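Handing you a structure now.
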Amino acid sequence: MRFSRFAFLAALAAVAALAAPTAGAQAGATTNKVVLQVSDNDPAKWNLALNNARNIQTDLGEKNVEIEIVAYGPGIGMLKLDSPVANRVGEALGKGVKVVACENTMGNQKLAKAEMLGGISYVQAGVVELMQKQQQGWAYIRP
Amino acid sequence: MRFSRFAFLAALAAVAALAAPTAGAQAGATTNKVVLQVSDNDPAKWNLALNNARNIQTDLGEKNVEIEIVAYGPGIGMLKLDSPVANRVGEALGKGVKVVACENTMGNQKLAKAEMLGGISYVQAGVVELMQKQQQGWAYIRP
Amino acid sequence: MRFSRFAFLAALAAVAALAAPTAGAQAGATTNKVVLQVSDNDPAKWNLALNNARNIQTDLGEKNVEIEIVAYGPGIGMLKLDSPVANRVGEALGKGVKVVACENTMGNQKLAKAEMLGGISYVQAGVVELMQKQQQGWAYIRP
């Protein structure tokens, strides 16, 4: 009888242990996380990406969503010191949006970090960041 | 002995209860659901999105796929009364494609619902719709 | 007593059987698989897609990632015999990138396979391929 109680509790524990990662994955899938791609040399697209980020925060509440903007390839100009949207990038950073530049692109264009906007982050390959975020359950938007 | 049978049944019930949401999530992931983004002020892109929807229905069968087209930002013109693709939007609606306009964009452009095509749906923020559909297991295509 | 041991083992087996597909789905979600969409009639975009594929292979290691490029609609020219990026498509194929043309688009443009680059693959509908790959856990990038 004691063993059968043990069997019951052990089975429940096994169920809980195996079910836990599933529950975690499902929680992850319903969390609001979105990565925005900027890969055009087009300030209108840069503004659209920033509008998208702002509208997502307004609609869901700033605390309820993680937003990351990744600029790479022809889109890298969005994050240079002379960017026409520099002020808006600063505002987005101030509201908790993560803004990421691609170091591969910077290497190709011989851009140093000193030539980029302050407060941004860096990844080796922007496209890999966009891929991996999706694989971690983030939604993907290409404005 | 009766308790051990109870243990067995209780454990199975616990397994079933915990496994059910997982099975549901997996079923969701393999269903054909796709959201198409329209965010360019470019009738060629509007036609491409409509071609994509039609080709998906032809290839998979109209009954076997859920398709939603979301127009926002510079793409909102696709769904105005004077849209050059108004007829094709009507055809898509007739074939069960859901077509959605972004009310944030309409507000920015001072567009009333009376100025939009009949039969379409509305969401507060098109970009949030695109994000949430992905988090619900829908594929995302940006033509 | 023997029955209670049976209860324990049966419950564990049930747990294992039900948990297995979940574990499989999670493993799939963390593998590096990415599908790149080419749907613009723009050689700059074709080069960007090829750069993206190369950067992903460099960053993650060629053996550690599956990459598929799908050309359809206005992007089909990337894979025609006279494509300005024909050499680079050949290099990508040589490095294990799968390159896929949309037969619906070829039909619309009256293109025969003899007019397309060697070594590429074909699907009936490029957009369905992009949708289904996402539903199989592949990340999606639209350069």
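Labels for the chains are A, B and C, by order of writing; each one numbers its residues from 1.
The rule is short, and it goes like this: a contact is a pair of C-beta atoms (placed from the backbone, for glycine too) under 8 Å apart; a residue touches a chain by one contact, two chains touch by 3 or more.
Predicted, not measured: the structure shown is a model, and the values here were computed from it.
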Task: Same-site or different-site touching of chain A by its copy chain B, using the half cut - done: different
TODO: Give me the rotation angle that lays the C-alpha atoms of chain A onto its copy chain C, rounded to the nearest 5 degrees.
DONE: 120
Open item on the list: Can you compute the centre-to-centre distance for chain A and chain B, using the mean CA position of each chain? Integer Å is fine.
Closed with: 22
- [ ] Pull out every residue in chain B that's touching 2 or more other chains.
- [x] 1, 4, 7-8, 11, 15, 19, 22, 137, 140, 142
Task: chain C-touching residues of chain A, taken from the complex the two chains share - done: 3-4, 6-8, 10-11, 14-15, 18-19, 21-22, 25, 37, 39, 73-74, 104, 124-125, 127-128, 130-132, 134-135, 137, 140, 142
TODO: Would you mind writing out the residues of chain A in touch with chain B in their complex?
DONE: 1, 4-5, 7-8, 11-12, 15-16, 19, 22, 26, 29-32, 34, 44, 48, 51-52, 55-56, 58-60, 137, 139-143
